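This is the structure I want to talk about, given as C-alpha cells.
Order of writing sets the labels: A, B, C and D. Residues in every chain begin at 1.
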C-alpha cells in the first residue's frame, strides 16, 4: 500500500526535487502539488496522507494549521521556527493528537547520522577535531554543521567528565590549530570543485575513528525527506530533528 | 575513589599493556598481577574489585569461577568461548547476581563503534561496501572484522526490507567488484607499512557517509579494556560484546 | 595579449562547456563557434589561433587537415584515433611544422596528474593497489582509468626490477583481493551518490602514499582543455596525451 | 653483485634501523658498523663502497673528509649543514670527483615524493591547502614538513603567475581558515593515536586531487636511505635532497 503525498512549495528548487523523489519511489504516490496561490483544499480532495512543506516562513504556519486540522501528517523543511511557533504547532496537535509533524533544519541524512554518531563516539576518545571542506563561494567559516557537530562533541565530553584534550603545542603559526568551539578544534578548507564535506575525527591509544560525510550535489536532502514521509505517521505529535526518526 | 584492578595473564603481550594502562589511569589502582602458576588468592587479599583476563582458554573458566564466587567483576578478552561456556558463566552468576562479567572478542573501541554505527546507518542508504586495508603478512582476506561488518549491514538492510543494491556492471575483470558477503561487497587491500584499517562506505542520492577506522599500533585494545573495567560493576550478569557498554 | 580560440562541436555537451570556459577566461577570446554543417572558413576569417575539437571520428580528420593547412593549432578530445590517423596528422604537420596538435583521451587534469604521479612513485614502494569508486550506473568494472593506472604502475615496477608485491594471503573469499591487472590489484566500488573517484595507494616500511582523485561533476575536463589551449603553440608537432604539457 | 655498506652511528636509534635494513636487503652487504670512538679505518679495511651517516654535527665533517678521500660514497642524514659546510664538502669532492655524497634532511620517501608532486601539481589548480595530522605531543604547529610543502606550492603558483586563491569568506571564527603560509592555508590537527600524516589538497573545476602521506611508525626513513645507498655511486658530486634521486 502506498502513502499519498502532497508537496507544498512544489515549484521551488527544493520542492520540485521532492516531487521527483516522491514520483520515483514505488511506495509513495504524489497526489497534490501546491505552490503560491494554490488552494490547500486539493490536499483533502485528493486524500493526501502526508505533506512535505518547503515553503516560506510567512505561509508555513497556515499550511500546518490546515494540515493538522485535517489529520494530514507533515514533514517540514521550511525555516524560521522558534519556540513560540513550536508551541503553536503543539497546541494545534493537541486537538488532533494522532497527527505527526516533523520539523527539521537538515534533511541530509548522511550529515544527520554523522552528527549523531559523533555524539555517541565522543565519550570514548581523548581527542576530537572537525575538518570541513566547502566550495570557495561559501560566506561563513566554519560551516554551521561543523559548529553544531563540535558543540555536540563538547557536550558529550562534558557529560562523560572527560578532561581537556591533550595538546602539547608550544609554538604555532596563528590559526594553524583551527577555531575553538567549546574546546573542540574546527578547521575549514575552501576548495574550488568541492561541494560540502566533513571529517569528524576521534583518536585514542593506537587508533582513530573518522566519520566522513560527503555531499556531491544539491539534492542530498531528498532521501531524508522521503524517510520522514515514510515514518511521520508512526510518530504522532511534534518531532524536532530527523535524528529522532533514525532509531539511534 | 579508585577502582582496584587485578590483571590475569599480566606478563603476556596483551596483559602487560593492560597493566601499563591501569597504572597510567588516575581512577584505577593496580592491586594484583597474576600470571601462570600464581595463586588467585592475591586477588581477594588485595581487595581487587575488577579483574581483566587475557589468559588462555584452558584456564579462563577456573579464573571466572573463582572471581564470580568472590564477587569480583571480570572483563575478559580471552578467546574460546562457546554457548556451553556462556551458560556455565551464567550459572555461576546466578549464585552471585550482583557480579558483572563482560566477555568480548574485540576491545578496539574504534572498531566496535564503527561496526555499531554501520548497523545504524545501513537502513538509510541504497549502497554499502566495505574496504579493509592490512599489512601484507595477514593470512586471511577479507579480515574477520570486515566480514562481520558486512554481515551486520546485510542484516540491517534485511530488517529494513531494502532491495538489492544498484549495480549496472555488465563487463568486469574477475574480482574487481570484491567478495560478496550476504550481498555486501567487501574489498581487501594488502599494503606494506599499513597496520589495520577499514572504510565502511554508504551512499545515497548526492551523498555518501564513510566510517573509517584506523589501527596504528598493537595496543589499540587498551582504551576499550579500561572502559570495560570502569563500567562492569554497573552491568551485573553476563554481557557479550563491548558495544553493550557504549550507550548506543 | 589574448589567444583567439575557435570551438568545433560547439553545441555538444562537452563543446558548450568549453565555450563557456573560454568565455570565462581573461586570457582567451572566443572567436568562432562551429557545429554541424557550419563552414570552417569562419576560423580563418576570425583569426582563430587555436581550435578545440570535441566532434566525432568522422569529421575530426577533415577539421585537422583544414586547421593544420591554415597554421591553426589544435587541441583535440575527439575519440577514434589510431596509429594510421596519427601518421596522417604527422604528415600534414610536416608541411606546416610550426603547428601544434594535442590529441588526448583524457583532459581531466587531476586524473592525468594522478596517473603520472603513480608512475613516478611506483619504483619506490613494495606495494601498490588501486581502488576506484563510481556511481552504480557504470557498465564496466574496473574503470578504464583504473586499469590504465595499474598498467602504468606495473610497467614502472618492471623497469625498476621490483619483485612481486608481498602478499601472504592463504585463505580468501573469492574476489576480496580484487582484479589482477599486470600484477597490480584493482578494486571497484559502486556507490549511489558518488561520481568518479580513485585511490592509488603505495606502501613501504612504516608509511604509505595515497594519490586520491575526485571528480564531482561532468565538466572536469574544462581546466585541462584550457591548459592545452594555452600551451599548444609552444609544442609544435603532434603530442599525444595532456601529461606531456604538464612539465612532469 | 652487492653493494658493500658501512653504517656510522650504527648504535643510535636511526643507525640501528639502517643496519637492520641493510642486512635485510639482498643487494646490500653490511661490512662495517661504526659508532662513537670506533676507528674509521675499518671502512677501508672491509671495502665499504657506500657509508650511511646518522651521527652528530660535531663528527660528521670528519667522517665525510675521510670517506671522500678514500673514494667511499656517502649518504648523510645527520643535521647541522649550512652553506659553509656544503662548500667544504664540495671542495673535498673536487679532489675526488667520482665520489657521490647525498645529504638530505628527510629520507621518508613518501613525504619527499608528496612534496615533489605538490610542486608539480600546483600550477594547474585554483585552490590548494594543506592539512597535517600529528600525535598531541608535538611541540610545533604546523609541522615543518607542512610549512615546507606550502612554501613549495606558493613558489610554484608564483612561477605560473596564478592569481590568489578564491575565498569568499566574510564571517569566520578565528583560526578556522588555518595559518597563512605564503598565501597557502595550513591546518594542524593534533590527535592521540596518530603518528604523522599530511593531506595536500588541490581543487579546480569539478575535481580535486589529494596527495596523502601517512607515517605509521618511526622507521619510515629506512626505504629512502636504502634508495640513496643504491644510487649514490651514479650521482658523483654533492647532492642535496633525496628528491634529486627519484627521477622526478
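Going forward, a contact is a pair of C-beta atoms (placed from the backbone, for glycine too) under 8 Å apart; a residue touches a chain by one contact, two chains touch by 3 or more.
Chain identities (UniProt): A, B, C, D = 4-hydroxy-tetrahydrodipicolinate reductase.
Everything quoted here is computed from the prediction, not taken from an experiment.
Looking at which of B-D and A-D shares more C-beta pairs in contact, the answer is the pair A-D. Annotation: the chain A:chain B pair of sequence copies touches via predominantly the same residues, more than half of the used numbers being shared. If each chain is reduced to the centroid of its CA atoms, chain A and chain B end up 32 Å from each other.
Our note on geometry: chain B versus chain D, Cα centroid distance of 39 Å, whole angstroms.
Chain geometry summary: the mean Cα position of chain A and that of chain D are 46 Å apart.
Residue positions of chain C touching 2 or more other chains: 125, 193-194, 202, 204-208, 214, 216-217, 220. Within the complex, the chain D residues that touch chain C are 21, 108-111, 113-114, 117, 120-121, 123-125, 202, 204-220, 222-223, 227, 246-248.
The residues of chain C lying in touch with chain B in their complex are 125-127, 129, 131, 133, 136-142, 147, 165-181, 185-194, 201-208. Taken in their complex, chain C has these residues touching chain A: 193-195, 214, 216-217, 220.
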